[in-house]
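The letters A, B, C, D and E name the chains in turn, as written, and every chain counts its residues from 1.
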Amino acid sequence: ATAREQIQIAGSSTVLPYASIVAEAFGDNTDFPTPVVESGGSSAGLKRFCQGVGTEHTDIANSSRKIREKEIAACAANGVTDIIEVRIGYDGIVFASQIDGPAYTAFTQSDIFNALAPKVMVDGALVDNPYTKWSEFNADLPDAEILAFIPGTKHGTREVFEEKVLATGCEATGAFEAMMAAGMSEDEAEDACLEVRTDGRSVDIDGDYTETLASIDANANGVGVFGLAFYENNTDKLKVATMAGVEPTTETIASGDYPVSRPLFFYIKKAHIGVIPGLKLFAQFFVADELAGPDGPLAQYGLVSDPELAATQEAVANEETMN
Amino acid sequence: MTDATSIPAAPEDGRRKSSLRTLDARTRRRNAAEKRFRFYGLAAILVGLFFLVVLGVTIVRSGLPAFTQTVVSIDFTLSEEDYAKAEGQLFKTKAYEQIFNAALVTSLEERGVEAEFDAKAINRIMGKPGATIREHFRANEGDLGTPVQFELSAASRVDGYFKGRVTRDGFVDSRFLQASDLDLVDALAEAGIIRQAFNWNFITGADSGVDNPGGAGIGASVVGSFFMMLVVLFLSLPIGVAASIYLEEFAPQNRFTDLIEVNISNLAAVPSIVFGILGLAVFIQFMHLPQSAPLVGGLVLTLMTLPTIIISTRASLKAVPPSIRDAALGLGASKMQSVLHHVLPLAMPGILTGTIIGLAQALGETAPLLLIGMVGFVARGYPDGFIAGFTEPNSAMPAQIYTWAARADVGFYEKAWGGIIVLLLFLLTMNIIAIILRRRFERRW
Amino acid sequence: MPLLWLIVAVLVVSGAGYVLGRSRAVAQAGGDTRALHSLPFYYGANVFLKIVVPAFGLLILWLLIQPLVVDRVVSGTIPADEVREGSSIGLVMAEVTRTAKGMTNAVAEGALSADALRDGSMDPEEVTQALKDAGQVVTSTLTAPIIEAAQLRNRMSATGSVIMSVVVMLAALAGLVWGVRESAPAFRARNVVEQGIRVMLIGAASIAVLTTIGIVLSLVFNTVEFFRLYPASQFFFGLEWAPSFSGRGGASDLGVLPLLWGTLYISLVALAVAVPIGLFAAVYLSEYASPRMRAVAKPLLEVLAGIPTIVYGLFALLTVGPLLVSVFGDGGMLGVSWQGGGRAVMTAGIVMGIMLIPFVSSLSDDIINAVPQAMRDGSYGLGATRSETIKQVVLPAALPGIVGAILLAASRAIGETMIVVLGAGAAARLSLNPFEAMTTVTAKIVSQLTGDSDFASPEALVAFALGMTLFVLTLGLNVLALYIVRKYREQYD
Amino acid sequence: MNDMRVIERDVDVTETKISARGVQVYYADNHAIKDVNVDIEDKTVTAFIGPSGCGKSTFLRCLNRMNDTIDICRVEGEIRLDGEDIYDPAVDPVQLRAKVGMVFQKPNPFPKSIYDNIAYGPRIHGLARNRAELDEIVERSLRRGAIWDEVKDRLDAPGTSLSGGQQQRLCIARAVATEPEVLLMDEPCSALDPIATSQVEELIDELRANYSVVIVTHSMQQAARVSQKTAFFHLGNLVEYGETGKIFTKPEDSRTESYITGRIG
Amino acid sequence: MNDMRVIERDVDVTETKISARGVQVYYADNHAIKDVNVDIEDKTVTAFIGPSGCGKSTFLRCLNRMNDTIDICRVEGEIRLDGEDIYDPAVDPVQLRAKVGMVFQKPNPFPKSIYDNIAYGPRIHGLARNRAELDEIVERSLRRGAIWDEVKDRLDAPGTSLSGGQQQRLCIARAVATEPEVLLMDEPCSALDPIATSQVEELIDELRANYSVVIVTHSMQQAARVSQKTAFFHLGNLVEYGETGKIFTKPEDSRTESYITGRIG
């Protein structure tokens, strides 16, 4: 087999848009061929990444979460030991609804929890969620049917949604305590906090944000969970809600004021550096200020630029592997 | 035999004497049933066609705009030093964009376009022209310093404004476009600088980054699909027909044959993504075929299409009356000859139908391609040769459409529908041969 | 590409063999083809096969076996201390293979001198650098034993391919001689050739079997792994499907039953739409429609099968779903509130049914068309109406084909994801109400495979277990279908 | 040639059952039936004779509009059954065919059981009120088709597994089971042995009491034995039509004569 | 009954072409042929007669192993062609059928042109060196099948668009075109008019000079006219086999006698 010419990347579909911008620019700006960026999810991307060293395996895995210990072990078992982790920035997660729909403008985690949890606190008691309208538990919210389109369990975003919204809301409303009081262990209670109601008011979306958008289009009362980038590209259709009083913007997320966000990564197989043409250059290109900086096209598109980008650039230049 | 020989009295006198025109109750009932049945049939077809029309209209309405593109056409001069400066940067195309936009600002000021604008507004109006400009001047260094006419695509929202996707009422300012920019766009349109043009790039180009809908084209993936379909057609049709002939005509009737038969029907029900898992393991990781290549895609789709072709071929082989086989055998034809000369031609319509449906399915399939690296961002332009067409990374039409549909910018959504139009045209072209052939083979006996 | 040349050479010999075999037979018969046992073509084809089959068979075998042999020999030469801790001989061998290939490529590009392939005392650093410069994959600095092993490997493969070329050509020539000598008028060339074709047919049929084996193999290991992490009883009998993303263990409910139920329900609705419409359409096309209408309508309906599923998905989500809600939903036209949201079994089922119409209609139409006219005449002659004829004579006679078409449609329904995800949702649910959102096994296979979860976690591995379960279940359904066809088949003529 | 004597039977009724006027049939360009005029009488057996390919089957199929099923076939002229034009658009061919039954030249049993083959007609016409009645009809029809003894033990066997002659008799029984007013039989005895032939001929004679029977045959003897009227076709023309006795003894047309005398059987 | 006289012809050769010993045929449980022993001679026409369903076709199909195509059919016993057991595993049924041609009871033309119907056999057996020769073979065969005049202007028309009798003659012509050594004809004249019948009979007589012909017929006259040997089957048994003259004049078995005398034709 002849050596492969192009860089082969696979992984998260959240990272894919940014990777595609960089890949196109990389092809346009260098003499290397345009890298191939496959989608298919962080799981599949890392799996392929970890399957071995050699041209039949990918060079880079995009991931919308940190690689897990088990995965590192699986990688090592296949000889993929030297991995460089690169954090490219943050993905903000926002709640948005039809621009002409009910005035969902400000949520707190408790509101979301009250709306979507299967068991909520009503008058100090933990009961099956009785609410059908937002206004029933928060008079400031519109008098509209509860209907939320949340990321499906396949999405990394779901984890953030659970941890940063539901869990927080669970504690804030006192449900967590009530559960503990009802005799659940801490773990059980934590798990219970993350559950969502199954009567159809909370709809899992396994597809992309376009699907969420389409769902919101079809349901005026719907509230959807989107990535910041997606929302910003569709401000003419969507209006965003604040979370705990903070409006989601690149700045508030970068500063950590806006609570719901997550970092995005890619992982490079060090063994392929110097082997696959332009691999290191690509990594450097990706995190360069011109691209990933606050004025670069990635931020322009909606990526929350990493305040510690300089350190990342350093690490890539030195090919610093994990551990 | 007594009751047999005695002639029974006419069962219903009414029926015997009845006129042909006056229908008795039973006949009327039967005729009504007949009419109903026939109506159901017609209705079924109409229902099918109705949905086809609905879907077709949706597709065409949403997809046609993809074939036009708002372009900014202007003479642009790039000086040697700007060229050198831009080339010296890491992000060269961005530099070109800035130079170009600056030049546009000056040129507009010179022309005295009646609108308020600043460099930022121009940035918002323009798409991503950097790559086009760089490519041009790299290829024609002689053009440096002389004015060159460029037709560069405008930003996606400006494009949307021209196509009616973005309107002034209900317009929301964003960092991508502001209300004031629309005045500028109107002014530019009046000045003839910005206009709609047929989007050749959409038909011939390759995918672009998510921030550059204006640069995206389906062409490269049409080529990818074409090569995949070549593989699928040339493998699945002969293998499928051969397998069916064996199973239907030659295989001994025993448990093992039954097993194979059930097995094949079962393959049809295997989710297509599982074929992707298989393809990744076998073709890429075991056989070391290149990743993201139409060859591998074709092989995977072949495996997926085989059951469809086998099932339909077997069904139509079964439908050929045995007397035809007998006639051939009786003349001293071998089993093989009787099958190849007589049975197969008579089964041809069904085989072709299977091929049409199987290939249509293969052409529209994305899931298995997901795992072998053909879905995502595979913007590689055209392969540089016939062989390379099979082995160089490429996308496929459905994969391209699928990725476009998932992108945030509405410009891509429109492109996705445009891609669907192209895909359907491709499908129709592909089918037309099979359809004509099928008509020629159709006969009753 | 010596392999390519070898193939070309064999093909040339076989072409010559065809001509020779054919002409020798004809010549021996004194130019009178009637004196031959078989048509002249078969004599040529016989020689062709005698050359091609052994030569290529040998070639393929050799290509498969040689690397195994070489690997064995080479791995024997690697000292035990080369295998680092946490690594394995397999990985070292992978490196040797890579290095060997890299060296060959590097030599071909001129980045390494040709005697680097032989020289036993090469400086590892130098070689590593040279390989990197030549753009070959190198993981780390190579060591001397690895380079030596790589050289040995290259040497053995080179000798191997020379011997292979000679052997293959000899086989081809032997085949030529054998075949041509056989070409006498009395030789049963046709039988031999047909036997050959038959073997090829069997080969084609076995590809399907191999595919099945491949699928089972590619699913089974991960399935076993899954069951190590997750109790099988909960998987098979659990009534809940709620994978948790965080993978904290124990938090996920991965019961397959709701998914199976959803699959069954949605497929049934889809078939309930597609089968009657498709069958009636097929009947109308083949029995009532004018030839022109048939020529137009049939291909048009087939377009339905070619529209990408994403279009159907959006159609379900944006058009059919809201439409159904406006009828069956709260405050809908019927005044019932069966349907909560647009996503429902019905939505997906109906839309999927539309997509499946041509699967049923086109194939059934072909089969119905193949029923001999004499059958219909017999019925008409008894005073039957067309519909009676169709229902009682034509359709029973066409049953096997129609069942095949329906099976195909059912298979497609089971395998569809996009329409399910957009039309029926992603949440698994055990409910009888067809206006509720549900999801299918296939949709979940895709979403768990393409998700963001830890690939070694049960949440990702469950995809394989789901695939396996579905595979076994559909196998059962197919056995049932075969049984039905056998039982009710009516053989005409 | 002594068995060529024509059995002189009383032709009870002379009422016209079917009358054809100026019938022309074309298969695409092939003019298969040329201007045929004929009156087929009720309660009479009419025989069509003529060389192979002269259009007997074609004309027979016109009488119950079976030609409708052949795309390229075009029928012109007028055919009246009981005075009603059967090609009138208002006429329902289904009802016509229920009245005018047909036995085809090539036996075409349905790929169903023998029982179902026979029961098919009575079922669609609702001739039996219950299963017992249907059983009776089936048995009676099979007896009349002279095949009962051979198949009574295997009524569940497929009709296609019968021998050629058995299939032919099955088709006759099937046609008889629906009790048509006119029965068109295209060479009903071609595959039958003499005994079976005589049984079928008996059946035909028996049917004559109530119905009109048209039979195509190549056997002059058979025509002479069973028919009261004979029509001789030649190259698509109806050359001569008349009393069977007269046709066989004093044919008017030389072609008829040469066909009859040139016979061998 | 004067035309029932048996034409006394010299039986030139008495060499045995096909010899059957202890042949048993079962269709699943149905014992269709019971222990039949018969020697069919070369250059002889052998007629099989017997009531419908007695196993004539079944036995005929054994002679060129056409029964192989019926799944449920089982043949036991020994059939030798020129001394070789045709059911021997080493025997190629294809070659056997090329030597032992067959005309089926139900005409089964290919849905191809008339020309291709005839040319098919010669093509697969390589009987024609070129198109002209093939044309010649086709014409000769059609002439021998007594159908040339009727189809010579429409050789491109599909064989299925012919009339019943024409299809039958087409099938005869098709079988003759491959020049088999033994020709099995299952009621070849059932749908033919007397003139065509006599032409086919002439053909049979002509074939006898070189080949062996086995013909199934329901017409005693025909058997008497064309055959030298006659075999009478009854309920799957070969009741009597011998010189045609003897069978028809002095049958040994009472069943034969009653069948022959009980005849009508």
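Convention: contacts are C-beta pairs under 8 Å (C-beta built on N, C-alpha and C of every residue); 3 or more make two chains touch, one makes a residue touch a chain.
In this text the structure is predicted, and so the values were computed from the model without any measurement.
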(message) Suppose chain D were gone and every other chain stayed put; which groups of chains would still be connected through touching?
(response) one piece
(message) Show me the overlap between the contact partners of chain C and those of chain D.
(response) B, E
(message) With a step meaning a move to a chain it touches, how many steps does the shortest path from chain C to chain E take?
(response) 1
(request) Have a look at B-D versus B-E and report the one with more C-beta pairs in contact. (result) B-E
(request) Report the most central chain, judged by the distance from each chain's C-alpha mean to the global C-alpha mean. (result) C
(message) Need the most distant chain from chain C, centre defined as the mean of C-alpha atoms.
(response) D
(message) From the mean C-alpha coordinate of chain A to that of chain E, what's the distance rounded to whole Å?
(response) 83
(request) Starting from the mean Cα coordinates of chain B and chain D, work out the distance between those two points in Å. (result) 58
(message) Averaging over Cα atoms per chain, report the distance between chain A and chain B in Å.
(response) 31
(request) Calculate how many whole Å lie between the centre of chain A and the centre of chain C, each centre taken as the average of the chain's C-alpha atoms. (result) 34
(message) Residues touching two or more other chains, restricted to chain D: which are they?
(response) 94-96, 98-99, 106, 124-125
(message) Among all residues of chain C, which ones touch two or more of the remaining chains?
(response) 190-191, 372-373, 385, 388, 449-450, 491-493
(request) Could you check chain B for residues that touch two or more other chains and list them? (result) 30-31, 34, 322-323, 334-335, 346, 370-371, 405, 445
(message) Going by the touch rule stated at the top, which chains touch which?
(response) A-B, A-C, B-C, B-D, B-E, C-D, C-E, D-E
(message) If we count contacts the way the header does, which residues on chain E are in touch with chain D in the complex?
(response) 1-3, 27, 30, 49-53, 55, 57-58, 105-107, 150, 154, 161-166, 168-169, 186-187, 190-198, 201, 218-222, 225, 259, 262-265
(request) Quick one: which bits of chain A touch chain B in the complex? Just the residue numbers, please. (result) 1, 4, 6, 8, 10, 13, 16-25, 27-29, 33-34, 36-40, 44, 48, 51-52, 55-58, 99, 207-210, 229-230, 232-236, 285, 288, 290-291, 296-297, 300-302
(message) With touch defined as at the start, can you tell me which chain A residues reach chain C in the complex?
(response) 1-3, 12-14, 39-44, 46-47, 50, 52-55, 63-65, 68, 70-71, 73-74, 76, 78-79, 81, 147, 152-156, 158-159, 162-163, 187, 191, 194-195, 198-201, 203-207, 211, 214-215, 217-219, 271-272, 274-277
(request) Please name which positions on chain B make contact with chain D in the complex. (result) 1, 3-5, 7-8, 10-11, 15-16, 19-21, 23, 26-27, 30-31, 34
(message) Going by the contact rule set out above, which residues of chain C touch chain E in the complex?
(response) 33-34, 36-40, 188, 190-191
